[in-house]
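Below you will find the structure I want to go over with you.
Going in written order, the chains are labelled A, B, C, D, E and F, and every chain counts its residues from 1.
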Amino acid sequence: MSEQILRPSPISASVDYDEDGVQHGFLSIPYSHDESAWGSIRMPICVIRNGDGPTALLTGGNHGDEYEGPIALYNLAASLDPATVTGRVIILPALNYPAFRAGRRTSPIDSGNMNRSFPGRPDGTITQKIADYVSRHLLPVADLVADIHSGGRTLEMTPFAAHHILPDKEHESRCRDAVMAFGAPFSIAMLELDAVGMLDTSVETLGKTFVTTELGGGGSSTPETVAVAKNGIHNILQHVGILEGSPKPADTTWLDMPDGDCFVVSDEEGLVEPCVSLGQDVKAGEIVARIHRIERTGTPPTDYRAKRDGILIGRHFPGRVTIGDCLGVLGMKV
Amino acid sequence: MSEQILRPSPISASVDYDEDGVQHGFLSIPYSHDESAWGSIRMPICVIRNGDGPTALLTGGNHGDEYEGPIALYNLAASLDPATVTGRVIILPALNYPAFRAGRRTSPIDSGNMNRSFPGRPDGTITQKIADYVSRHLLPVADLVADIHSGGRTLEMTPFAAHHILPDKEHESRCRDAVMAFGAPFSIAMLELDAVGMLDTSVETLGKTFVTTELGGGGSSTPETVAVAKNGIHNILQHVGILEGSPKPADTTWLDMPDGDCFVVSDEEGLVEPCVSLGQDVKAGEIVARIHRIERTGTPPTDYRAKRDGILIGRHFPGRVTIGDCLGVLGMKV
Amino acid sequence: MSEQILRPSPISASVDYDEDGVQHGFLSIPYSHDESAWGSIRMPICVIRNGDGPTALLTGGNHGDEYEGPIALYNLAASLDPATVTGRVIILPALNYPAFRAGRRTSPIDSGNMNRSFPGRPDGTITQKIADYVSRHLLPVADLVADIHSGGRTLEMTPFAAHHILPDKEHESRCRDAVMAFGAPFSIAMLELDAVGMLDTSVETLGKTFVTTELGGGGSSTPETVAVAKNGIHNILQHVGILEGSPKPADTTWLDMPDGDCFVVSDEEGLVEPCVSLGQDVKAGEIVARIHRIERTGTPPTDYRAKRDGILIGRHFPGRVTIGDCLGVLGMKV
Amino acid sequence: MSEQILRPSPISASVDYDEDGVQHGFLSIPYSHDESAWGSIRMPICVIRNGDGPTALLTGGNHGDEYEGPIALYNLAASLDPATVTGRVIILPALNYPAFRAGRRTSPIDSGNMNRSFPGRPDGTITQKIADYVSRHLLPVADLVADIHSGGRTLEMTPFAAHHILPDKEHESRCRDAVMAFGAPFSIAMLELDAVGMLDTSVETLGKTFVTTELGGGGSSTPETVAVAKNGIHNILQHVGILEGSPKPADTTWLDMPDGDCFVVSDEEGLVEPCVSLGQDVKAGEIVARIHRIERTGTPPTDYRAKRDGILIGRHFPGRVTIGDCLGVLGMKV
Amino acid sequence: MSEQILRPSPISASVDYDEDGVQHGFLSIPYSHDESAWGSIRMPICVIRNGDGPTALLTGGNHGDEYEGPIALYNLAASLDPATVTGRVIILPALNYPAFRAGRRTSPIDSGNMNRSFPGRPDGTITQKIADYVSRHLLPVADLVADIHSGGRTLEMTPFAAHHILPDKEHESRCRDAVMAFGAPFSIAMLELDAVGMLDTSVETLGKTFVTTELGGGGSSTPETVAVAKNGIHNILQHVGILEGSPKPADTTWLDMPDGDCFVVSDEEGLVEPCVSLGQDVKAGEIVARIHRIERTGTPPTDYRAKRDGILIGRHFPGRVTIGDCLGVLGMKV
Amino acid sequence: MSEQILRPSPISASVDYDEDGVQHGFLSIPYSHDESAWGSIRMPICVIRNGDGPTALLTGGNHGDEYEGPIALYNLAASLDPATVTGRVIILPALNYPAFRAGRRTSPIDSGNMNRSFPGRPDGTITQKIADYVSRHLLPVADLVADIHSGGRTLEMTPFAAHHILPDKEHESRCRDAVMAFGAPFSIAMLELDAVGMLDTSVETLGKTFVTTELGGGGSSTPETVAVAKNGIHNILQHVGILEGSPKPADTTWLDMPDGDCFVVSDEEGLVEPCVSLGQDVKAGEIVARIHRIERTGTPPTDYRAKRDGILIGRHFPGRVTIGDCLGVLGMKV
């Protein structure tokens, strides 16, 4: 495909990325709409810099109903002492900020799923404009990018960090080292089949070190999952040399998700009865969940069974399920 | 207050409450609306009877986003063998059925909170019509009523069963025995300050034995909380003599909620950082949760502290909180 | 019940009911809302009077998605020459005017079903205020009331006029004569089991002659069903002595709806395949409609059969059906 | 236009198009949204194959409020014996499945009008993804495509089958023969002025035989219109050699729609009084419909007249009309 | 009417009305809903007290889209020094707080118009609960009540203060003196025809001195109208003896609104062309506004004329108007 | 950019642009949607022509909540005598007609902001289709284009006309002369930084003389602002030679908006207290507006100050403000 000349981004930053110290500011996204003819969206950004050194870009709220990332990053922004930093930390605690304000996976303005909107467009939707700004202004200056996801309101995951299986093995190895440094209870090497539109892909295309995570879900968080996020972020900042010291050796279990048999998908609408706890071992053939019809009593539930041995690393969260929903995800110990 | 002559209920049942065997049927509630001029709502009901004996009325889905009750009761309806029964079990797995179909606390038809709609009205809203039918046709024939609640989409609770502190101590003692039989991990004797509109009050006014519960929440369920519901229901059916055998002695912790200091309420809107895990011990003065402002980074979070020593038995579930929301609930060991 | 002193109606009429000639005016209903702080609803009314004589009150649009009545009545108001009248005709072409403007069965303002809102309240909802005005200002001055219904958007009916079976047989006989005069293709004597809230009941309580109809449906009309409405209204105005001449003898088929077996109700959600045409004879056991599940192919449809011999006089209109919807209505020839 | 390299479709089929026998399966369309982070839409598909031979692709529900096609095709899928087949029948009973589930013309997910979305895009909206899958995976393997339309909720049509006037007269002749075989009461040769985005155009561009229909409407169906669909589909399967036998000679009336004078369009908002029945002959100058203003009585209605002699083959269905709506469509006998 | 025993209010105050000094607190209104099972609404209240003396209750935001009252009262609460006070000032800057948060006239929770909800009900809607708390807990302890209204989003008014014409002339005279003290540019003695449900009526029934106002509108405010509110409130606090000094003699124009001819009401839907400026003199017969039809050009607009000589004291604000909207209000100089 | 071959516009006009006299007609935009399968939007257009001469294209309602343009243009279309015209006037009183019907800035159909949709697309959204028709059919035949804006529902502006600073100084001078002729109270030469998508840009790209305005706002209009529109339009028609005579010399104040310091933007959500009146002089450092937090009383408001000396030429209109909204706009006297 030919190079396309893009318009400049309409987004402006109130922070100076090259200034030392702590800056709490905004990305201003012009937004002319029925409720404000000359309005804009002001999305929080924090830059903490101390001289030359590596740059880490830390993002949460890529989906607006995932909370461990934002909690860890608002805390980090409020507490990180620049004197302890070598180089620079750029923090976007809520990447899809309109979605985050609404507590929704996607943007209430344009229904945009941020992680399907990269590399974005300067003249596109609000979601695409944010993606474009990140792609053209922040990714190029970053050495390491960590994007803290959780399962969101409709999924719950055992806490894991992950890297992708990449064509460039040196690149993959850098990412794997960062995942190891993060030190989540579980770690996964993922093969992304359809990576179009993801932040991950935009980062990796630039050859940058990338860590992604899934740290809990259900649209909530716990002290335990928040601790995983806080520790993991501290660890990778040490790992990349921005903070002093080195992360303590990770006690993580490496998992694999080799093919589509890892997913248990519902063919029915109904009431979910979970039969396996998250993080528990499962044998092939074991019932993972049962679906009850709700329209009448006396109908036997349908059993959904594991197609492989593994660990239940993800599960449908809401009590009601519809056709095509993911009921469970299995990981296999490496 | 003077006796009021009420119209007959417009609801009709397709089951015969006095027939032996298993019947899976409907309560039909006439509902003329824009999408169906001569429509009705068909709400599932199951009656399992074997000769004379006590009657238990078991209800779930009083709030439509609470799942342990419906799961246990659809299972019970599909599996209970009438030959093992003495007397009668009447099962309403989803008491606010329109709310349950929508996965909402309240009814999408009339915004009715079922547990504020008792004793109901035959010429009221759909929610009030259901409450009225239950009040006039089912409560009078029941010896024991168990209403299985959870925290719903916005609260999460440690699993407990509860009875109310009642003026008639013999009545309270009967209820307490049933709670003990239910055998949840925690048990509570509650003093209801504003009991108007609750199913609980309608049941207790008739002098019937009543058990209520809170078994989890977040709009989901787990194998563990479902097991509490299933076992508890089996236990009280034994306790009341409908099933043979007697419940195994309960290993439950009795708690108290003496006053308003048990509740931690938010004075702010923001992002919740939970600092104490559900079921964990808390000391007075300890931080239960922190609220982060989301509009900008760099603002220190506000700490919300326990006003008493206790156990965290309930917590706000969604990652976002608004002013007036309940952040945490403490119970005190008796 | 004791007499209740009601406040005066807040509704005012721009017409003088005692003035001779044709008046096209409004009922003004004060309506303070977000879009108009000091607004009002102006509902069309027409009074055509020529000296002393009987008064007919003619209403359409009791449900806002039924069109034969409004079409016939807007035509009548635009064309009736007062010189041909003896007495008075009061025309409300769209009784639930907010519903009619929206093309909905019920009011978009308050979800009010007009035919469940009588006798209304002067301090109630907009729907109840209209009902109250009609009850206290128009019904008392009428000798004959004709309320022209159709099936609405969700039902289709063979055209019939009807009266109720009433305790006062002289009263019933007057109503039956008016139905006979109306001269619809079918005529029915109905036993209303739950008549609370209906205009019908308010009219009959005052001992007035009352005709109701069902003339088509589906949220549309045809030249044929409009002609039934126009002719029927002309006929009863002759019958009551307001217009000269007498209605030509009706060629109508009298039907009966003796009990609940006349209704075929769906126990399922799905796609409706109609198997009997409206107005066609059906034998007990014959398939009236079949419901196909839409989630997957290859599932056999469920057959819904007639429980009696009869004529199909009503049918569910939309292609999709849900549990509790009325699939078909049978009438039995007398 | 230059060839564009398209990404593979993200849609996967659970059926094997080359396997003999009957398969009832799904097309799975990944759909990550607020209610299901890792969800998908499962759209029913049926493949019935018996050895080599021609392939017919049969589609209904291109618009989700048109019911004759889905009814005939769910029936066909549930009843067609592969032993009677030579070649292959691929059935998509509800092409815009999200629209069909909602009973709407267009998709509730993306407002997509399926018949303006061809040839689609693999990275577009859900509607465009379905169109793309059909364009690239199903149309190329089909010999004959029949797409069964009706008028939908807002139009009613006399039942007709149609082909387009095409530049390749052999191609047109093949299509005309198939229309003749279908044997609807009316048949039309249509000149499509603006064919961009239609399934029709995608099929015809590939030189495939194509039949389209309009079989009723109003968002409902009747035994008569369903029979036209069932018979017509059976006939073209015989015509194309998939079923044995040959269709009985069609008793169809051929019509023409030469220009814009065939359409009667409303310049006003109001209440529609239909003056001509569907299928009835009309003379130029005759009133087809009248529009009544609803805001006040006493205003004479506006007459809308036919501009040509013809047959009324289509009409506005709802009782209310707005400016720019099509009130009537005339066909001229050839 | 007989005395009705009402339940206690479920609303609790965090302020002590009898404590000296400044207290900024909340009224907590329990509100269990889908987004917060155990939630509440916290409505701001301020009490400023200094020993014994008169009590003034000052309210704004009775309708949520009226801003002069809230601006003046948030300022007063933030700045009033208790040392300058004799007695007590109770400030509710936003009486219909849910409506005020939404910028709407009525509550988004229950559509309640606060000024039609008095005296309220403790077991009613949220709006009725607030009205009930004010009626039973605040009005009885107040000597003077001032309720600061403006025209809201849909009306604009010349700034005036007003009292009602009351049966007790001593009472009316007290109110009139307070209006005179308020010192708005215009002052009006109003005859309320339908006073049911108003705060005004609840206050006057208790014999308390009452001032109401209309100070601008359009859903906005100006420095001038805000100054009228601030000065007026200061003046009446002096007048009632809570603040020292006496209000400077008012330069106000007294007006009269003798009958319905003061109102110009639209009989049409369309685009409003205002022809007279707010506050300008008008002669009977003069055009106040013209309505243009928007559906087509070339239609002459309809003129709406004054029925009396007077001053234009109110006007429809939005550019579009519908049937029954108030186009203009005239006041007559006394 | 390469030339792109565009499809013909699907929009058809009922007027003949080359016919002498007055024509009131429609642009018909095909619009197939759920409420009308074969529907269209009919947008009013007026052409007034008298022989050869210049062509003026006059547009209002580019944003649907701005009223001075539509009022002046509906009046002009209804009153302009072609005998007084030399050449041609084409009037589109409501350019974003769907938005105008809804009283919204943007289209309710596709959320399109018309002034960000140029040059449009024939196969795009409804908003883009209108822009495309104007771009390809009307702009090329116009000599002068005047687009009458106001501030809309969320902004209020002092009345001004404006031209852009353009690279071709002769072109700019022509535009400046037209602005001078328009004769608004204020006139501005604007430097548009992000002109993509504006009608302005499409006009200027063709080298046509262009005048834009901002004449009031708040979603309303006044006799004064309407007079500015009417006079201004009359003046430029004289200026361009379509009407006889020459505009009387303008008494206008020329202003400048040199940089971003002209804008005062809110960093907070809250209640706006305006401190400067529109059109008033402001000194650098002076408070323009204050924001009060509404959640509690007693919090001091935040002051927003002018960064330059100037005149307040624009202000936020609604009483509530959110982060990123424009609170005020300053112009500097040249």
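The definition used in the following text is that a residue touches a chain if its C-beta (ideal position, glycine included) is under 8 Å from a C-beta of that chain, and two chains touch if they have at least 3 such contacts.
Because the structure is a prediction, the values reported are computed rather than measured.
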item	value
Contact-graph separation of subunit C and subunit F, given in steps at minimum	2
Label of the chain whose CA centroid is most distant from the centroid of subunit E	D
Farthest chain relative to subunit F (centres taken as mean CA coordinates)	B
Subunit C and subunit E: spacing of chain centres that average the CA atoms, whole Å	43
Length of the line joining the C-alpha centres of subunit A and subunit C, rounded to whole Å	58
Computed distance of Cα centres, subunit D from subunit C, in Å	36
Residues within subunit A bordering two or more other chains	42, 65, 295, 323
Sites on subunit A touched by subunit B in the complex	22, 24, 26, 42, 44-46, 65-67, 70-71, 73-75, 77-78, 91, 93-94, 100-101, 103, 156, 218-224, 226, 271-277, 292, 294-301, 317-320
Sites on subunit C touched by subunit E in the complex	7, 10, 28, 30-42, 123
Residues of subunit E that touch subunit C when the two form their complex	63, 65, 104-106, 113, 116, 151-155, 194, 196-197, 265, 267, 314, 322-326
